[in-house]
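One structure, pasted below without further comment.
The first chain written gets the first letter, and so on, giving A, B, C, D and E; residue counts start at 1 in each chain.
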Amino acid sequence: MNDKWKIILGLVVFLAAVTFPVWRGAIAGAGEPPELQLPEGKTKCIESKEFMIDNHMNMLDEWRNMLVREDIHEYTSKEYGDTYEISLNKTCLNCHKKTEFCDKCHAYADVEPYCWDCHYDPKGD
Amino acid sequence: MKVIIGLIAVSVLFLAGYGLSGAAPYLFGVIIPYAAFALFLAGFVYRVLAWAKVPVPFRITTTCGGHKTHDWLPRSKYDNPSNAVETFIRMLLEVLCFRSLLKNTKTQPGDDNKPVYATEIFLWLGAIVFHYSMLVVLLRHIRLFVQPTPAFVTMIERADGFFQVGVPVFYLTSFGLIAGLVYLLARRLFNPQVRYISLLNDYFPLFLLLGIGISGFWLRYISKADVIAIKELATGLVTFTPSAAILSSISPLFFGHLFLVCVLLMYFPFSKLMHIAGVFLSPTRNMANNNRAVRHINPWNYPVKLHTYEEYEEEFGELMKAVGLPVEKE
Amino acid sequence: MAKFDEMEYYKQAELLNIDYDQVPDSDWMDTPVDFRPGTFIYPGKPARLEYLDLPNAREWSVLEEDWKLQDNWKQIVLEGMAERLTKYRSFKLFMDVCVRCGACADKCHFYIGSADPKNMPVLRAELLRSIYRKEFTMVGKVLGKIAGARELTIDVIKEWFYYFFQCTECRRCSVFCPYGIDTAEITMMGRELLGLLGLYVNWIIEPCANCFRTGNHLGIQPHALKDIFEDLCDDIKTATGIEIDPPFNKKGADILFVTPSGDFFAEPGIFTCMGYLILFHELGLNYTWSTYASEGGNFGLFTSHEMIKRLNAKMYMEAERLGVKWILGGECGHMWRVINQYMDTMNGPADFLEVPKSPITGTVFENAKSTKMVHIMEFVSDLIKHKKLKLDPSRNDHINVTFHDSCNPARGMGIIEEPRYVLKNICNNFYEMPENTIREQTFCCGGGAGLGTDENMEMRLRGGLPRGAAVRYVQEQFNVNQLACMCAIDRATLVTVCNYWAPGVEVTGISELLANAMVLKGENDRKLNLRLEEIPGK
Amino acid sequence: MDDTRRKFLKKAGYASLGISCALPLLDAKLLAMSEETGTHEAAAKKQLAMVIDIKKCQNKQLVDAAANACHTVHNVPTITDAKGNINKEEEVKWIWTEKFANTFPEQVHARLERSILDEDVVVLCNHCSRPPCVRVCPTQATWKRDTDGIVMMDMHRCIGCRYCMAACPYGARSFNWNEPRKFLEKGRGIVGEYPTRTKGVVEKCTFCADRLSDGLEPACVEAANKVPGGKDALVFGDLSDPNSKVNLILNKKHTICRKVGLGTGPNIYYII
Amino acid sequence: MLEHAFKGSKNYWLLLGFWGIIIAMGAGAYAVQLRDGLTITGMSRDVSWGFYISQFTFMVGVAASAVMVVLPYYLHDHKAFAKTVILGEFVAVPAVLTCMLFIFVDMGQPARVLNVILHPTLHSVMFWDMSVLMGYLVLNLLIGTITLDCERKGKHYPHWLKFFIYLSIPWAVSIHTVTAFLYAGLEGRPFWMTAILAPRFLASAFATGPSLLIILAVIVRKISKFDPGEKAIRTLATIVTYSMLINLFFFLVEAFTSIYSDMPHHLHAFEYMFVGLHENGVTYDVLVPWMRAGMVFSFITGFLMLFPGIRWNLKVVPYVCVFIICGTWIEKGLGLVITGFIPSTLGHITEYVPTAPELMVTFGIYAIGAFVLTVLYKIIIGVRERRAGYGADAQ
């Protein structure tokens, strides 16, 4: 029984599958990392940039519980000590534009936060 | 002892990735991943071709049900396939549903101490949960390597993250992967029979996969990593334009995770993990039981020394004649 | 005083003192073999080896320290392994892919009966795999014992001898293995490697030599065979009133009939043989027996692939010489594994034969169109389906019968439905044994693959426990008093198993029950069955 | 039946009784007690309330202004069907009007003045002192704030089981049967800074908790007051403050509450 | 043991295929609901629970079948039930499963259902209902599979299981009680707020569950070589008879209180169910023909079951049982939940009629239950037949 061609076919399929990102990258390129539009005239976010990159989602989660459930309206920056009103719309979106900031990274990282099911950017989606 | 060596080995490897990547980010972020992936591909192909090179001299199907005979008798098409299509389905059931494991039983002493056979589905369940979670986790990782993320990956992510728990949203397979591995490990440790047959070769990959699973879990849910930078690195790697600059902005935990993955890739072709390919080649499963209808060819079939009828009659001819048995030479 | 090769020597309570959760304190690699009398088989006699031109023929003893191996024994084994790794994908693959999930562990009847961890199929394979790792893989060479590799020593060879002759190649483990790893395949390789060193057991190699010379395992010479048949025909005459003169070596017959020689020799096999004779006579079949190919069984299967071929070749050679159209095979287990999985590949193509066609019903056996050999149960079930046999199953009403699937027909062929169909038509009281012990999950009799001798009585009884317990269950539940099977080794060994684990249950071949139920042309009033016992109520 | 088994059964019986009755009951009781102490005893804890002057609210313009203000700032959509008619079955509303007879069924008797029966009464969440909706909610998506007595909603938490709707004796709760944004986009558009809701959650009046924190009055109160003749049509204040406007009115005028017999302790008071 | 689910006759596979098709259709309808929201149902602001919750309520009753066989067998050593116990337990499993699925599809935000576990709320009856249902599912699955497997291998079941068997008896009572409390604790809904709701639930459950068991047992007898026993079926019929009579009695008690007292809020519900309500010249009476039919079914079957000639006639009693189930289904699966919302707390009358997609989802869930039931029963039959020495299926 000569089953070598079947095995080789299987191998080729396997190789094609595991190298999918490679040949897909060869066809479509690496893709550009998002270029974010940073708010003008601002030098810092609520916490350090590194902290915000990694933990903004948890901060928002905390905020929503603080505001909605505990009726706490102010947040004091651990990094800088200044206070902010707890509000996605009034605070975050006051500086950042959803389409130019949030969406870009989320699209790049293929993250679909359900924040936007309810919240929106008054400056336009 | 084997357990401890396995655990220590994986811990040391993780710490190497975690601790040393700062000193040599390019090595851990670019060179080793490339080397590991190349070794994985080459080793995998080498191993499969090495198997393919060896002929299958006989058709030794394990038949697990009635064969094809009179068409009025019931038969088991997919446990005793008689043609290529039925064999294909048998293999699908085996590969996709772990059919043989589903038959598993556990022998235990009965009321009179004679053996009885209990239904035992937990090995099957653990294996299914682990393997499918692993598959989904791997597919989900495509989002980090391909820009834009393919639609099928997004769909998988949506289904996997259906339940809105925590931020970032909790994936069922994150839990499935680790739970499956913990079960398989616990079984190895606490089932005396399985513990007795286990080798370091069994513990090491389990710990390695657990290390990868837990560090990945940690990266996603606990100490977050800069996904954008990681994706930039990953897409750079797969398009052979790795960016060295980005390496410094990624947390060392990620390098611990990545290094364990590289170790797994390198270890894979030289270990029992090759069962992923081997299952397709198993001669007792991937052949139809139609040997009486279609002759199977053995490429190295060679003549052997026989005892011919002539030699037989030479020895017994007279005796045969004496009792009236017909002979060639009267 | 009973001796260790008699079953009276063993107390059930002692054999049942099994604790699966108890494993030795020491790692299996460090646990030496205990050659306890009753658990191993005596070595092959030099004369037998010489007759078959096998290497290193000499007198030796298992219990002695020195097994008198060749000086370069290690090289011989390693070269043998290397050769087989390039000839059998099964061997190479099964050395590589096992993940030691343990699914097979408690599926082996020897493990179930002995709780000896090395009787777990996975460890039985590890005995070889550890050497494979050491000698043929890089990881094993470098890491050694830590990677599950070990040095090939004389002790390893002794361990192989002990455990590869404690496997009946029944393939039950293979059913449960997620990768289909077949321990039979591994045992066969192990025994071939042992054979290179002249390490055979006499219970296997003597039948091989006999078969090579006289045509059958028992060494029955042609004239003696004729005598035996005359005796059988006398008994048939007594039981049924029918006179039969069976044809031998008849040229121009349509069909050559081959069955294992166990059916010529001892009870209850001979009753099955009488069944064949009555059936063929009643049908008026133009068939013949052969004295040259008077063996369907093939102890080569328990020796080496080469030996399979050497012993099996006679069937086609004789069929060609006699000019028959096709071959009919009797009730046998491993014979059918050889016919189904090896014969055509090894000794075919049998293009001098015709595609088998039943002369009675006209049914063409398409599933045997290449091998040209049909199983007696395929043949008989077809006859019954077409109502070509006049049957009176009430003659078997005093029998509560159960059916033992023999390992090889069940897992190496899949002939599972035919015997049941036949049994249900010839017996009114048929009961299945518990699931997990029948069909593809059937348990070995404990004496297959050449282990059915008396010097390893302990292992036979232990290995027969799962089967015996299942028989005992139906005996208690449904008053089962006969265990039907279609394998000559079963008919020989299950008698012991039943006597020990389920006393009162007799072993029978299906053809015997068939002939008892057949209403024959010109028969007497049938007061006696083929065992010449009175049929109750007749 | 042997004795041990009997004993065991007894215990199991009690245990099951415990499981099925005692625990939710006990917990509900504790919940009610804590709220009682909150309202009656501790002056430190606030209970916000509203007094509605039914007569003044007969001005349709006023009521519309109040409802509009509320629904606009909270992005409450007007649910319409394909033809643009209001879909009464799937309506979402925080403040609206009902006929007197439907609002105060216990007050209706055969001799009641016809004009009263036809009066429209402004209704909204009663922010009950012992709210049944809070008692039944399986996820604590709705709860009574102990700082001001508002019955709050956490739209992130709500699973949409609608148990609260079954429990509320006042019909104050609305469920988002459909995607609300669809209707907002068709209608007045999404406005202000208050988020919209996702489909499949329950919502209701929150006494403008968001505006209160900014020092504003509830939107309806503010809007009603601006309408000519609307002064004090809706009065909002703190019951625990003896000098609050609501207390001043309640002390002077005869007011009624909806379905007081149910013991929920509504905090919307009506001047007939 | 599981192998029996994978081997079977053509009819077995056809039946599974049939359920599969309905499940697929239900899944399709649910996908639409997931996308568009519950607007695709007939529910409304006023009638905020509809068909889904009604079916849930009904199926809780069906789950009772287990306790009515477990209790006589394990507590009173009623030997006739030896072979029937597992039939009851394996009805309870799919029944509870469908209950949970009905709740799941009724959720506006199914993605968040885990909140019930993540934020356990002890004062919510719904939390307790979820807990007892989960528990009952686990109990029956555990007891059923372990006892069946032990029977299969011919070994006595482990002693620790006895604890769970005893536990399952009061637990079965608890699932009905807690489900009734779900409704009975709402001060705003006079129709439900009655102390006899839980007893009524129990009585109708103990009529419905065993009725289904009788039907299934008769079918099993017919299609397989496993016979649950005539005596067992007769005992079940007796249980059904008493439960049915008690159920009817409770109903009359309830009806008396409401109608004799003539309190409008209590009366309205009965009026709506049996004669229809009128408002502004419009008649609201969609439920009336159903409810009347249901009453006829219940009273006539209750009466018929009084006669041993009918009750113990295995040829007739399954058909009577069908009507008993229909009667209680109408009472609980249609009348009970929906009527609680009519008229609404604001006195409005909004009628409720399930929509096509809503019905499809419902059928889909019932089909899942039927699928699981078929598979579980196939396993029981397989094990029992094999145990009795009969041969195996080939497919």
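Rule of thumb we're sticking to: a contact is a pair of C-beta atoms (placed from the backbone, for glycine too) under 8 Å apart; a residue touches a chain by one contact, two chains touch by 3 or more.
Predicted model, so just to flag it, every value in this text is computed and none were measured.
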Intersection of the contact lists for chain C and chain D: E
Partner chains that chain A and chain E have in common: B, D
Chain whose Cα mean lies nearest the overall Cα mean: B
Chains linked by the largest number of contacting C-beta pairs: B-C
CA centroid of chain A to CA centroid of chain B, Å: 35
Gap in Å, rounded to a whole number, between the CA centres of chain D and chain B: 59
Chain A and chain C: spacing of chain centres that average the CA atoms, whole Å: 67
Contacts with two or more other chains, residues of chain C listed in rising order: 417, 434, 436, 439
Shared-contact residues (touching 2 or more other chains) in chain B: 51, 55-56, 59, 65-66, 73-76, 103, 108, 110, 117, 164, 281, 296-297
Residues of chain D engaged with two or more neighbouring chains: 198
Every chain pair meeting the contact rule: A-B, A-D, B-C, B-E, C-E, D-E
Complex contact set, residues of chain D against chain E: 1, 5, 8-9, 12-13, 15-17, 19-21, 23-24, 27-28, 30-31, 88-91, 98, 101-103, 105, 123, 132, 135-141, 157-163, 165-171, 174-179, 198-202, 259, 262-264
Residue ranges of chain D touching chain A (in the complex, touch as defined): 143, 145, 147, 152, 154-156, 190, 192-193, 195-198, 209, 213
Interface residues, chain E side, partner chain D - complex: 36-39, 41, 43-46, 48-49, 75-76, 103, 106-110, 112-113, 115-116, 119, 121-128, 130-132, 166-167, 169-171, 173-174, 177-178, 181-183, 185-189, 340-341, 344-348, 350
Interfacial residue positions of chain A with respect to chain B in the complex: 1, 3-4, 7-8, 10-11, 14-15, 18-22, 24-26, 28-34, 50, 53-55, 57-58, 60-61, 105, 107-114
Chain B contact footprint on chain C (complex, rising order): 16-18, 20-24, 28, 53, 85-90, 92-93, 96-103, 105-107, 112, 117, 120, 122-123, 126, 137-139, 146-148, 171, 174-182, 185, 212-215, 221-223, 226-227, 248-251, 291-292, 305-306, 309-310, 313-314, 317-318, 321, 339-342, 344-346, 348-349, 363, 365-371, 373, 378, 381-382, 385, 410-418, 421, 434, 436-437, 439-441, 465-466, 469, 472
